[in-house]
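Structures are listed in the sections that come next.
In the two complexes that follow, chain A is the common piece, with chain B as its partner first and chain C second.
Here is the complex of A and B:
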């Protein structure tokens, strides 16, 4: 679900950087207004490592291979910290393993980081009146699965609207549809993982879910 | 009486030779030689899974915006170009499938039988040990950051 270098036109990659920088600035600005902005940095650092490692775990799903994303989990556990954490993780993935690209770092940040913020919002809505129990798990499942599903849709939308002229559109669209279908098990898996994690944290350290 | 018979026989022979297929007429053999450059690439995901049916495009270094050739990779992600244009210049071959893709730049003086990866940074360019060490270094950096800020937390 990472857009590699050389796929998108320069105008789109630059726009991705502009949008991504804007969202990152907004997140950091809101974080700085907190009483202790550094409070969540340890958690953000550890979850950045988890996000970085997750992309290395591939699940074969023809015609492509899908991998864990965990952007929903980051959104639920980090809130506003999720977007900069994902940007840092994407940067490491691109530099170390060529996963994604440096020119597409901005657009990948929007594709993966934007849904993470949405997941945080979905989870906060779901838990507004229910601190523990089954509804926490359901809210976690919805947040985790919706983040991956939205990321996959955004990825497909960006690709299909920026096809190069030498590519056969029908072939690429069919492949993208197959890729989206291949992500359905991942959507369920990430929803389940997020639900399990938030349930566990809700029982052991519920204050971590308040952010 | 012999004259017309001979003429008729001669004319019949000529007509028969004219109607005989060229393959039978030939007595000599000629082999013509054309030397062609064949460049074969294999497109795979960084997990090693082949990009079956990927759309392939060949670009020349002189005009990297316009594809000179297009084609489709086979089920194993293999794609071969015979005498890619321009034959005397560098080319780039791009593989695309479902939003994933890579491009390989092949210099004009590429060695025969030389194996080259699209990018030295791709995961395919590292062995498992190298990948583990690289991933561990990043993870340790994150853990170190977490420990540093945990230690500085007030109270």
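Here is the complex of A and C:
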């Protein structure tokens, strides 16, 4: 779900940087208003490293395999730190593996980071009144699946709208449909894994679910 | 893999702040290329930077394998499903002039930016790159997170390998999308997250004891020579020229 370099026009990639910088600034501004903003940095950094590694786990889905995105879970656990954490992860992936891109860092940040913040909001809404295992699992499923679903939708829109003028109309529609259908199992999978993880963390370290 | 590249080449020794700014300028100018006629200039520049970097071709080739998987589908789609006049028909596949043009542009831009980034980061330690970002004005929350992440990702990777080995020894096998498989994956992810959280608390206390958050008087500031500044101006000028050519 990473847009590579070379596909999008400069106007779109630059807009991606502007929007991404704006969201990151807002998140950092809110973080700096905390009593000791440095206190949460090691927790956010090490959890980001753990997410970076967890996203490398491949789950067999014959004939291929899928890897977890986990942006919803990241949002649930890191809250406002999720957006900068995703930007850092994307930067590492671009530098270390050539996955994603340098010019598309901003747009990829919006595609994956925006839904992570939404997941944090969805999860906090789901657990507002009662905190129990079932509600945590449902809120976790909704947060995990909605984040990936929104990311897939944004990714498909960015790719297809920017390639549409160069493709035949029938191919354009098929490509959009195929991209969305291909991500449907991932939406369910992410929701299930997020629900299981937050249920486990809710039982063992509930304070971690504050975001 | 690029860690194996020597840090003595001209490009590796260039001030990392100039290097990052120049890389971004060149990457955006490459992505602005919209005419086939400009591709040779872009490739020529790439050859110049490759010579300045001293990166062996074999290493570049190996690094290109994985990212190529992502772009191949887009290139094929543009090539065989593009609009325009038909140039060639092979069975049920047709290649159009506009499709071929677009596929060539996307491929050239993608590989040029990817290779350029590899050449620029080869021989430069990640920590130096992060320090350069800090010197360029990146907020401390982001650079501190990046530094800690770079420091601990290897430690946590070892933890993940140990977790996987333990689960494997207890008979866990990742097969398809069964509930047992998903539970196993979720347990592994949750355990990794809990371990990283516990470690982060110890790391934070250790960092506070060493004066984290106070003025840093130990790390020497990055310095650049006038020649490095001049080289930066030249590279940015070339990037602007390439962007103007389009």
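As a convention for this text, the second predicted complex is superposed on the first by the 186 of 211 C-alpha atoms of A that agree within 3 Å, B and C clash if a C-alpha of one lies under 4 Å from a C-alpha of the other, contacts with A are read in each partner's own complex, and residues count from 1 in each chain.
Methods note: a residue touches a chain if its C-beta (ideal position, glycine included) is under 8 Å from a C-beta of that chain, and two chains touch if they have at least 3 such contacts.
What you see is a predicted model; the values in this text were computed from it and never measured.
With both structures placed on the common chain, the touch criterion links A:84 to chain C but leaves chain B unconnected. Touch criterion met: A:166 reaches chain B and chain C at once.
Contacts of A:45 after superposition on the shared chain: both chain B and chain C are touched. By the touch criterion defined above, A:18 lies against neither chain B nor chain C after alignment on the C-alpha atoms of chain A.
Contacts of A:157 after superposition: neither chain B nor chain C is touched.
Legend: residue contacts after superposition of the two complexes on their common chain; A:179 is shown touching chain B, with no touch to chain C. Judged by the touch definition given at the top, the superposed model places A:92 against both chain B and chain C.
Contacts of A:125 after superposition on the shared chain: neither chain B nor chain C is touched. Of the two partner chains, chain C is the only one touched by A:205; chain B is not. Between chain B and chain C, the partner in contact with more residues of chain A is C. Shared interface residues of chain A, touching chain B in one complex and chain C in the other, are 4, 6-7, 38-39, 41-43, 45-46, 48-49, 52-53, 60, 62, 92, 95, 97-99, 159, 166-168, 171, 175. In the complex of the two chains, the chain B residues touching chain A come out as 45-47, 49, 51-53, 55, 57, 66-67, 70, 94, 96-103, 119, 121-123, 126, 131, 134-135, 138-139, 142-143, 145-147, 149-150, 152-154. On the side of chain A, the complex with chain C involves touching residues 2, 4-10, 13-14, 24, 28, 31-32, 37-39, 41-54, 57, 59-62, 68, 70, 73, 77, 81, 84-85, 87-88, 91-92, 94-95, 97-99, 101-103, 159, 163, 165-168, 171, 175, 185, 189, 192-193, 196-197, 200-201, 204-205, 208. Listed in rising order, the residues of chain C touching chain A in the complex are 23-24, 27-28, 30-32, 63-64, 66-67, 70-71, 74, 77-78, 81-83, 98-99, 102, 105-114, 117-118, 121, 126, 129, 139, 141-142, 144-150, 152-153, 156-157, 160, 174-177, 181-183, 185-190, 192-197, 199-201, 203-204, 207, 212-213. If you check the complex, the residues on chain A that touch chain B are 3-4, 6-7, 36, 38-39, 41-43, 45-46, 48-49, 52-53, 56, 58, 60, 62-65, 92, 95-99, 155-156, 158-159, 164, 166-168, 171-172, 175-176, 178-179.
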